[in-house]
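Below are the structure tokens for one structure; questions will follow.
Lettered A, B, C and D in written order, each chain numbered from 1.
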């Protein structure tokens, strides 16, 4: 039975705890949070004791890091040096320099490390990727990713988030890499605060689009908005030499109402907890398999680095109105 | 250039005239209607002279009969005895006895005769049938036909229509035969006046369903309503040993609006003139090909008879609450 | 913490045990099965001891009956007389007489009783029903239920199942009642063994359709097949005075592949364990709420009786080729 | 009866001639083409005499210019100076300087001028635009246009076409302007020859994407490919403050085939003649209305200019790898 220390008892920590509870070969062995109340809540839910980080890590076989981003580096170092397997939420760090240091630390420690890009585990996107890899549409040429959150996070979150490109679009940048099968070398971007001028006032955007180009000329176009009235909009399509693969939103139900105004289906599932419920479970299953069976880390810490480099490039392309080569 | 006399200048006559105008090998040579005004209108549209029926038939190579049902018999006899090819709107006659006499007349005259079951020519249904015949779903087992008009016709029309089963469902009964590939031998039915009690007061129904069973046990289920708030609802599906074929409604546009109430597409095309526009053109193309190139009449006058027999059986099954064997 | 004895450790017992494990206010207190191996397996999964039926019932607050149908009666009596709340899988019994005796026993004991018509709890169908009740389409007029299993059960199961109408279509008959809002008074049916002649040889059908009519003329049309190549086909629609409500199948994913053959989406979810996963959890949630909070039993034992009466009537209508009034 | 001289008897000329034939208030009065054979063919189809350009223009009330792009300027000048209303296919000219001179000529002549951006008249896109203007989704924020031809044109066409951005994407650039409701001020682009290296060898691309940004930060993202295996892919969506509007492809039929591989619908309509059949008729109806009833020219010659400026900017952004401000 794999013992996992849960570092961070916020919303995402709770999701991971629920996933671990469904996995026969693993259990949460300790919960850790700066807020005693948050730790107590998850302790009650999981039956695992609340501890301080050092003790929790020492006692466990593996750690799930779901704390604020600025604490990731120290926790990764502590866990790696203690020889523990690591699952770390994205972004690994807002600084690519520090991610490089993490890569070094993790490599020297020889511990497996998985980055929390949950969307790779969404059954729809995973199936789309499987078919792409299987050659169903030949060579991919244009990846299109449409990504809209139902509503913006609090301004306080935005100011410490690293900005839309690093906080929100990083998922889409990882997905673009995952689907292109090649590294983007050129990044173009645009963006504005169309949803809430306050977001613009703090130097960020809430609406943005990016163009990525690989060395062989493959294209990914991504657009993001912090607001969608019809639910969490998460669509992907890949145009290839042999056809098209696309994944539509998951709607709340399959019910359709028809009357004089037309045929109306349900809104998209509200947000990530609903839409990616299956993805989170599959992600944690993969993490446990990585630790217990030695399957390769995927997405790896290098994937975390690459996405961060693209997010930095997109931020710079937008803010300095320039084409950024990476 | 095939000369076609248009007998009947109502709504359906106008549709057929427009179709003929698009066919290079045929033209309307005369228009005939009891109403001088209706005839004059179509004369202006087609450039063909308004005539009396006898002259129009004598002068033409073929006739399109789109007059009231109770005039069909005489027109068919006149045209057949004059050796003219005949296209006759459904129903050929409300009396199967008189249809049998028409069959005899037509056979003795040796003229080709086509019955106006336009839905067989709808590109969607025709494609569905083609795939069925090609074996895409193996052997058909359950045919489901959902048929709803946008709103009931005037009560005056209803009282002379022969009732819902003979006037409206006859199209679906023909389609069931077309798709089952076997003759139904057992007819069950139910029905009521749920849309308008006045329809019930004159002895008819506006909502009905029928179960057909063939000798080998294949099933067709049909349901009709005289009212649909969301447009003309015309759907067909066939469940077979190897899969399912279904044809959805044609919507007014492909536009979808998403907001907090969900994803809303357009209503179905309003009624038969919109939905079956392509079918009517294809039907008339087939009629001209039958006359000029000798392709077999389809749907034939026998098809008209068979559908009428089923409509009579359904009417009796409903009104006498019995199972009718045919 | 509600203690529930799980009577029957087969496939459906396992589903219910998994559901109870997710409910905070209840637990499986004992598992019972004629097969010691089946009981041991579920004991290991749930952590509850394997017991004999009498002890398990005596020790529990409530029972889940998922044993073979012919054992339901005795278990219901034992549980009722011991004052335990009862959840019983459909059919309550193949004999409506014995169901009536159960109703009497349960009423005298004053215990709450819920019948396992899981489809009422499917989020799609439940939402459709909610909207119907809310008046979104006015008065229901035609209910259409298309129900196809992926493949027939073993012949051994068929011979003891009571036949397609009682074993498979009973779910659809209950759904028709649930949606019509009125009791059917007239039952018409047809059926044949088109999938497997062996099924016909043992006196059953694998393909069937039924027409139900209520006293006010509302119609339900149901068709069933024991085989569908494209997954578990479970569709419902209600045509009403103000519009149409329909629930489509849940597909395996939202991925679509486009190439020269067209646009291809995934098959329907394979069978009931996949399609009704959410329904089973919601059903057990409702059972626990009924016992612990006193919410009304729904579907009730009377619902079980009514569906059985319709299934008997459909069987007779089919086998004796007659219209059956109920 | 409006007399229209058809200048250019190629594929698009034939389309416009067919449209005019369906309009009661107009007729083709002369056909003109450098190829006597092409002119003869359209003369036979329309019944209008083949003439030289000068005579045809002199004799007509209006002209349709569907000749090669490099002849547009002279024909526009001749027609304008003769006081004739002008319909000119896109692009008006490959040189924005010459378009500016055309604007001057047309303005001085005071003749109405309409540019042939047919997609504005597609019923789907027109409905989408109408709803956008009606405020159904509030303020538009992100316009996404996916545009793929079924297969590349001959290389000989490509070399004289002005390149993908000016020849193919110009339609999408016009559509972006039409939907954004603001002029783009910043153009970013990427592109490559992924479909056919020969296209790259002649200095063009067959796969490209563009990002447009308006002064207020609204975004349009467009991607084009010269090849799609599943038909002519023409999709548009607009994300706005109050929701989403999108228009899907028109498929060949509504038929769906389900089997173990899933649910398969038809390919998209093959190419522009099929997909935009209704648009071409509506476009010509608008042209005739402009001439006979004085409705404002739309799309105007200025629309033609604006699209050309964006196409030039996109070409430069791609070829020089720079951000182009317009």
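The rule is short, and it goes like this: a residue touches a chain if its C-beta (ideal position, glycine included) is under 8 Å from a C-beta of that chain, and two chains touch if they have at least 3 such contacts.
Going by UniProt, the chains are A, B, C, D = Myo-inositol 2-dehydrogenase.
This one's a predicted model, so the numbers in the text were calculated from it and none came from an experiment.
Of all chains, the one whose CA centroid is most distant from that of chain D (Myo-inositol 2-dehydrogenase) is C. Set side by side, A-C and B-C show the greater C-beta contact count at B-C.
Between chain C (Myo-inositol 2-dehydrogenase) and chain D (Myo-inositol 2-dehydrogenase) the centroid-to-centroid distance comes to 57 Å (mean Cα coordinates, whole Å). Taking each chain's centre as the mean of its C-alpha atoms, chain B (Myo-inositol 2-dehydrogenase) lies 41 Å from chain C (Myo-inositol 2-dehydrogenase). Counting only residues that touch two or more partner chains, chain A (Myo-inositol 2-dehydrogenase) has 229-230, 242-244, 258-260, 266.
Residues of chain D (Myo-inositol 2-dehydrogenase) that touch chain B (Myo-inositol 2-dehydrogenase) in their complex: 123-124, 127-128, 131, 136-137, 242-250, 252-260, 266.
Interface of chain C (Myo-inositol 2-dehydrogenase) with chain B (Myo-inositol 2-dehydrogenase) (complex): residues 139, 141-142, 144, 146, 148, 186, 188-195, 207-209, 211, 213, 216-219, 221, 223, 225, 227-230, 233, 239, 241-244, 321-323. Across the complex, chain A (Myo-inositol 2-dehydrogenase) meets chain B (Myo-inositol 2-dehydrogenase) through its residues 229-230, 251, 258-268.
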